[in-house]
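For reference, chains read A, B, C, D and E in written order, and residue numbers begin at 1 within each chain.
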Amino acid sequence: MVPLSYYLVLSGILFACGVTGFIIKRNIITIFMSIELMLNGVNLSFVAFAANWKALSGQVFVFFVMVVAAAEAAVGLAIIIAVYRNRETLNVDRVNLLKL
Amino acid sequence: MTSNLYLWLIPILPLIGAAINGFLGKRLSRQAVSAVALTFSGAAFAMALYVASQFSSLSLPHIETVAPWIRAGQFQVDFGFYLDQLSLVMLLVVTGVGFLIHIYSVGYMWEEGGFYRFFSYLNLFMFFMLTLVLANNYLLMFIGWEGVGLASYLLIGFWFIKDSAASAGKKAFITNRVGDFGFLIALFLLIQHFGTLTFSDLFQKVSALSPETAGAGLLTAIGLLLMVGAAGKSAQIPLYVWLPDAMEGPTPVSALIHAATMVTAGVYMVARSHAIFERAPEALTVVAIIGTLTALFAATIGVAQTDIKKVLAYSTVSQLGYMFIALGVAAFSAGIFHLMTHAFFKGLLFLAAGSVIHSVGGEQDMRRMGGLRTKIPVTFWTMTIATFAIAGIPPLAGFFSKDEILWRAYQASWIYWVIGVFTAFLTSFYMFRLWFMTFFGTYRGEAESGHGQDPHGHGHGIHESPKIMLVPLVILAILSVVGGWIGVPGSLGGSNRFDHFLGPVFRSTAPALNAAHTAPGETAPPENQTEGTEPQTGHSTELAFTGISVLAGLLGLGLAYLLYYRRPELPHRIATSLGSFYEAVRNKYYVDEIYAAIFIKPLIDGSSKVLWKGIDQGVIDNSVNDAADGARDVSDAVRRMQSGNIRSYASWVALGAACVLAYMIWMGTR
Amino acid sequence: MLHLIIFLVFAAVCIAGAVSLLVQRHPINSALSLIAVMVSLAVEYLLLGAEFVAAVQVIVYAGAIMVLFVFVIMLLNAGVEERTLGSRVATIFGIPAMLVGSGLLAWVLVQRSGTGSVAAGALWGDPQKIAQLLFHEFLLPFEVTSVLVLIAIMGAVVLASRPDQAQPGKKEG
Amino acid sequence: MNTPQGVEYIRILPEIVLSVFGMAIMLLDPLLDDRRAPRLLGVVALVGSFAALAATLLQTQSPGLAFWGMVKVDSFSIFFHFLITAITAVVVLTSFEYMEVQKIHAGEYYGLVLFGAVGMCLMSSAVELVLIFIALEISSISTYILAGFRQRAAISSESSLKYFLLGSFATAFFLYGVALMFGATGSTSISLIGQSLSQSPAPLLAYAGIAFMFVGLGFKVAAAPFHIWTPDVYEGAPSPVVGFMSTAPKAAVFAVLLRILFEAHAPGRLWLIWIVAALSMTLGNIGALVQSNVKRLLAYSSIAHAGYLLVAFAALPANGIPAAMFYTASYAAMNVGAFAVISHFAGSGERLVTLEDYAGLGKRSPLLAATLTIFLLSLIGIPMTGGFFAKFYVFSAALQANLPGLVIVGVLNSAVAAYYYLRLIVVMYMRDAREDAPVSRIPLAMGTALVITVFATVYLGVLPGRILEYAAQSANELMR
Amino acid sequence: MNTPTIHSAILTLVTFIPMAGALFLVMFPRRDREIRGFALLVSLLTFVLSLHLPAYFHRNQAGFQFELNVPWIPTPNIHYHMGVDGISMWLVVLTTFLTPLGVLISWKSIHDRVKEFFILFLILETALIGVFVSLDLFLFYFFWEATLIPMALLIGVWGHGRRVYAAVKFFLYTMIASVFMLAAILWLYARTGTFDFVTIRNAIHNGQVEGFAAAAPWLFLGFFVAFAVKVPLFPFHTWLPDAHVEAPTAGSVILAGVLLKMGTYGLLRFNLGLFPEQARANASWISILALIGIIYGALVAMVQPNMKKLIAYSSISHLGFVVMGIFSFTSAGLDGAMFIMLAHGISTGGLFMLAGILYERRHTYEISEYGGLATPMPAYATFFLFITLASVGLPLLNGFVGEFLVLSGAFSAHPVYGILGATGVIWSACYLLWMYQRVFFGKVTHHENLAIPDLTGREKLALWPAAVVALVMGVAPLWWLNAIEPAVQSALAPFSQLASKVVGQ
């Protein structure tokens, strides 16, 4: 018997960790991973709510999220490669040609 | 309206002349130009004579309304003309003297450049002056009022190459404007309280008011404001400063505008507004005081002037002062009488002076003249007549009018009389001083030294002026002799026809006279209740006073004779002994300098430094620009958000998200 | 009871993995810890009865996606990330905002999640039911995802392909 | 459990058409030789977008739900379909020249544009959060990629990276919002959510959900404080793409916002939107004041315009929704046009993008300058241009909702905004060109695009009635 | 000719013929001569057509005439509603009168981008006329804004020295101010559902607008700010000198002659027409601002070293008279205000033309650069003197009538204002005559001025009409006042209790 709120809080924590990672990490790939972490958090709450509402659509939603995540991963990593090719760095703090 | 005299033609005729000369004159020959000018001014004069001939058959005042001019709400002003004895006198003086001076000018200006310009200006002046005289409402009068100002501006600045001339013109116009400002305010008051500016209705409404209520101040205020206007136009203290400078203009101009006609407009206007003034005793008193002071003040200055025209100018100012004394004591007809005679002899004086200047090649400084008596006899004799006339030596014109004024002034208050007599003494003194210095003794200058601007001095020595200039001199001389005889006071066995003639105009004055007389404190003899009807008693006293004033005149003559004929070295010693005072007098009491210091300079500096540089650029523009810069700085600050660093961006997003979340939760929990 | 313990254990693992993702200095370690998070999440899904989701989680996420990550990390042989202080904003605003936000969120979730608790396998998401949904109600999204994947492929191709050497690699902008 | 019938396919016909053409392009790409490829593929894409336009017209006959309540065709969705496909067509036109000048893979480019359009169209017609989410991702990802299309330019890939990372970041927020919404109502269908929210007092979770969804969508429309990515991304991305992604996805996202906020009766939104709108307008305009790079300048201006648009969201639905719809339309017209001019003028490698480069354009190419001037005037909001009526409707809607404060902020902002648009006009006409290099003559496709956009801008400015009527009617349908 | 159709169509014709001409110019003539000639033709045609208005105008009839009212945009309910009354009619004629002169005066002075210049000039004319004839608030606002761009471009492209600064300043001042008006208009629309001026006015007078009482002060201010900047009233005036100094001659002529009148016209039409109570409540401080404008403008004008700046500041002073007259709420004041608007249009327009003529010859406006010009160019000096005197307010010239009426009106409403305002009579003489003396009198100081050519026939052609009109307006003002009076009376109707104090009760 696990209270629903536990799951939700866990998902919230994961989401928060993802946000934190995005904010503090310097390596672009890691930042991207943090985004994935956020998505995982979201997924957890979807599943939890699905269980809560006895509505399978929640679980289906998770599939789509995964697909999207996969797609994003492909595109994102491609972009990262492109950037790396142009700038020879993976440090976001050094990727700031565009400013002001 | 009995019969239509086409009064509007009188002013229009000179205007046509002005237009013709102005637009075409450039191509016309001098003969043609002068012909046009003379024709039209002469025609105006003829019209005036015709009107005079018809005069007896008219029902006075004779009013002709031509067309409406301005209408706003219930307030309306027409182009309308107003003819009564007063305007008739003015009409004749203006057209007559004006015509003569036109003739004179043909000779005087013959060699001048801009001949056509001169005559078109001169005709223009005639137009405005006649409009002023014939107007049947204050606004139309104001047209003429401003118009003559314009004409004088143009004519003073006729030799615009000379900066002094240009400045003098400007000075004249602006000083007049100051006066007109008062005039305008007076008009506004009239409009506000009487709703009309047309003389007939207006005076009707005014007459309804009794002088007692005048203490309420409305009429007094109006009167004072009108007086401001008059002071500007007629060169009274404190606005007289422009007139002496106005002598920069050609001499005929000085004669016509700054002696005979325009400067008397103020007198005419006050006389025209007698209905108001009579009900505003305080105003009248002010008029009298201003007149007195001006008369004295100007006379003293005149004593020390050496420029022949300047002397005449100051004498004009002081003579105008006389007229205002007359008005101030409600002796309107006397004032007008003096106006007329003064027009004759002062016009003559100027023309003669012009002839002198002409003959000595543009020299105006009396110290470089002398002994001209024999060389230019006609000028000399006419000048002599004029001088005696202005000095008030019987039986010349000036004597009667001046005597009349003095007598009436005495009736009001002895102070006026004393000052008046003293002024009369001064007048005759400086006039004879001029006379002696110019015509007697030995010639002190050399004709060849002509002023640059006045191309008369080429070569040939002193010569009498051409006929065309002398004829007007002679005519005016005659007038200066006989002009006074139409106003011989009863005391001298005359019947003062002039006074009787003008009587009807001022007859409506009964209620006010007490106030007018009692104002200065001296109680007037009760029998002098009405203008026009001379008191039967008191001829003896009047005669005595007449004697005194004549005496004063002769005294002046004597003194001048002593100082400037017998012992020409004396004046210098006196001057040195008087020292600084004499200096002050010579420099016209530094009035111009004072005005410059307390009005003009602060105004210019203030506007330039404080208003323009300070407020306009300093405060307003700067604040606007600062606002712009401020925006730019803020913009920079906003741009700083764009550090270009993804993590910062994410932080902003997170921050925003947190805020939104907090807000929504707050909304949800409420 | 056991149920709760399992949850807590794997929740702990989850959080530990997440934290280590943050603290690890080398991308590979971060990736590995992320995998740990995902696997333990799969267990949580099982606890919630979403067996199919759990399976997919392990296969697709932990398997495919993370492999991709690791591959890229290797490809670009990303080293230990250096300590650069490119963004003061992040420390001044970002972290506090994150803390506040997550605090609020947690409060909401605890306060008003509006339910009691869920039993193990409260809702049994077996493949059959899922398939039913996926191919009827969610048919359109399912089809549309194909477009999404298509785009992803194209994008990867375009971006990852070297720019043609028409004018040899000069950088602009 | 029955299979969908034909009419339901008509209800997604535009999307189908677009994706079919997209695939066609991908198949053709390898078959053609590189010289002729761009032009041909462009034509295909153009045909495709026009076909989609036609399909949209076809839709008007058959409104209604489809695919188990996933999509809903109503005049609202048709409006946005029409708008998006039109934008796509124009963007394709503007891209012809660009392809050749910049030497970039035409095939993928056009394919991505069309596929992106698919996502956007779906967003405007989807009534189910799952579908909305996927459609959103489609449009976003395609734009991420498009942003990075100038591979040789470092800034391009950087902008793509920024857009991508931050975009996914925001998507995560949106997704979390959806999750919470699902948790609050147990459903992901907007209509059902609407019902449950309108019946009982909304649970706190719903508020949180709205908050997170708003963050995600707000990011996509570049509303402050989620706007910061915009300038960088716009500056780096290829100009036609900027013209595309600053209008079409925004329109779609605004459609979604409208549906979520109004159709789902999202609670407690007024002041949130008030503040966000005011913030966006102010930050956007102020930030633009000192920009010297034209693309950046327009990026800031687009932030500001998002703000104006949000003003309508604060107003009452009855006249707020039509105002917003009209605004998206006119903004699309003028912005696409403006970026078309920019991309034509920028030349190869997009070198000429600073204000100084525009000096003397009035002399060097009067036509181009005049066109750009029209767009700028419209952006300022001078009467007789679409921009004016857009602002006008928005503000009057706000006034009818009794929000004078917001209107004052708005009008002041539009006055301030005049300054920086004016700067560009001033530079074009009143500065002398540094070098009088004649601008390359405008090719046919670009010319057509400019004509269309100019016409649209002016038409919306002179006879806005029809469009607004339609918008109002669709708003009523939405409310029902 | 005299059929109702032409009556309803005439305004549209007058308004849009210049625009049509501009479009034609865009396409056809190539050579500069043709362009100029065509522009002149169009403007003259417009002028002739506009004479139809006074010709068939029913004097002594209030209300709007030559009305045309057709729906334009259903939502919002915008009508194409045009019409003139005695007030706006003359301003239309003024515009059409000044435009040909502007074309003539810029005949030679504009040599590059001639085509664009005249196109913009004609467009500007259309916009200006539109402002005066439109009775639909939206239409009004449209034309109002439409005047902005051509004017700014005229200044910024064909101006001198700091033209860009001036143009931007002009644009921003007006733009920022007019958005407040837009807000006010929007509010009215939101409450009444119409833009029709007459409808709104009646609705307000019948108190059918809910929440009006509370909003009225702000609405009044909204309109007021927009107009005050245009006029320009004292604190908002600093854009004017810059704009004038930099603008090309024709630009200045139109700017001073017509553009400024938009502000005073707006005050008269909208601030008085829609918010009588507010107008009366705020009259005091507005009049004081006007008063400051009169004196301040004159004093600052006196010390300007730059001829055009001087004239610009003098306009500030003159427009101060207008505002004072308007807010005296007396028929004399309003009549006078209207009359000054027209007179100032003619005389100041003339002055700017003259200044421009001088600039063409010597390329400077610095007064110190001149002196003694009366000798080399007498005809020019004469025209200049004449226009100067008209501007000084010499009786029988156009300046006087208006000033007199305004002052008497202001005086009867509030003596102190009247008196202080009347000092303007002195100032104007000071600065103008001083300037005249410095430019024309004395010896020629700069040798390059010795050979300076006098007026050419074309310039005379441009100056004569102005001079003649100035004279006619001074001699026969009734021709204008007759038409103005009824409109003024109806404008004053709501002020009846004040109107009882109208001069000459």
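Basically, a contact is a pair of C-beta atoms (placed from the backbone, for glycine too) under 8 Å apart; a residue touches a chain by one contact, two chains touch by 3 or more.
What you are looking at is a predicted structure, and each value in this text was computed from that prediction instead of being measured.
By the document's definition of touch, common neighbours of chain B and chain E comprise D.
Looking at which two chains touch through the most C-beta pairs, you get A-C. The chain closest to the protein's centre is E, with centres computed as averages of CA atoms.
Here the spacing of chain A and chain B, counted between their Cα centres, is 98 Å.
Averaged Cα coordinates give chain A a centre that lies 5 Å from the centre of chain C.
Look at where the CA atoms of chain D average out and do the same for chain E: the two points lie 43 Å apart. In terms of their C-alpha centroids, the spacing between chain A and chain D amounts to 26 Å. In chain A, the positions touching at least two other chains are 8, 15, 18-19, 22-24, 26, 31-32, 48, 52, 55, 57, 60, 64, 68, 71-72, 75, 79-80, 82, 85-86, 92-93, 95-99.
Among the residues of chain B, those touching two or more other chains are numbered 639, 642-648, 650-652, 654-655, 657, 661, 665.
Inter-chain contacts, as defined above, occur between A-B, A-C, A-D, B-C, B-D, B-E, C-D, D-E. Chain contact summary for the complex, chain B toward chain A: residues 639-640, 642-647, 650-651, 654.
The touching residues of chain D, when paired with chain E in their complex, are 362-363, 366, 377, 382-384, 392-393, 395-396, 399-400, 404, 407-408, 411-412, 414-416, 418-419, 422-423, 426, 429-431, 463-465, 468-469, 472.
Chain D makes touch with chain B in their complex at residues 161-162, 165-166, 169-170, 173, 202-204, 206-208, 210-212, 214-215, 218-219, 224-226, 228-229, 231-232, 267-268, 271-272, 283, 286-291, 416.
Chain contact summary for the complex, chain E toward chain B: residues 235, 237-238, 296, 299-300, 302-304, 330-332, 335-336, 372, 374-375, 389, 394-396, 400-401, 404-405, 407-409, 411-412, 415, 418-419, 422-423, 425-426, 429-430, 433-434, 437, 440-443, 475-478, 481-482, 485, 502-505.
Touching chain C in their complex are the following residues of chain A: 1-10, 12-21, 23-27, 29-30, 32-34, 36-37, 40, 43-44, 47-48, 50-52, 54-57, 59-60, 62-64, 66-75, 77-82, 84-86, 90-94, 96-97.
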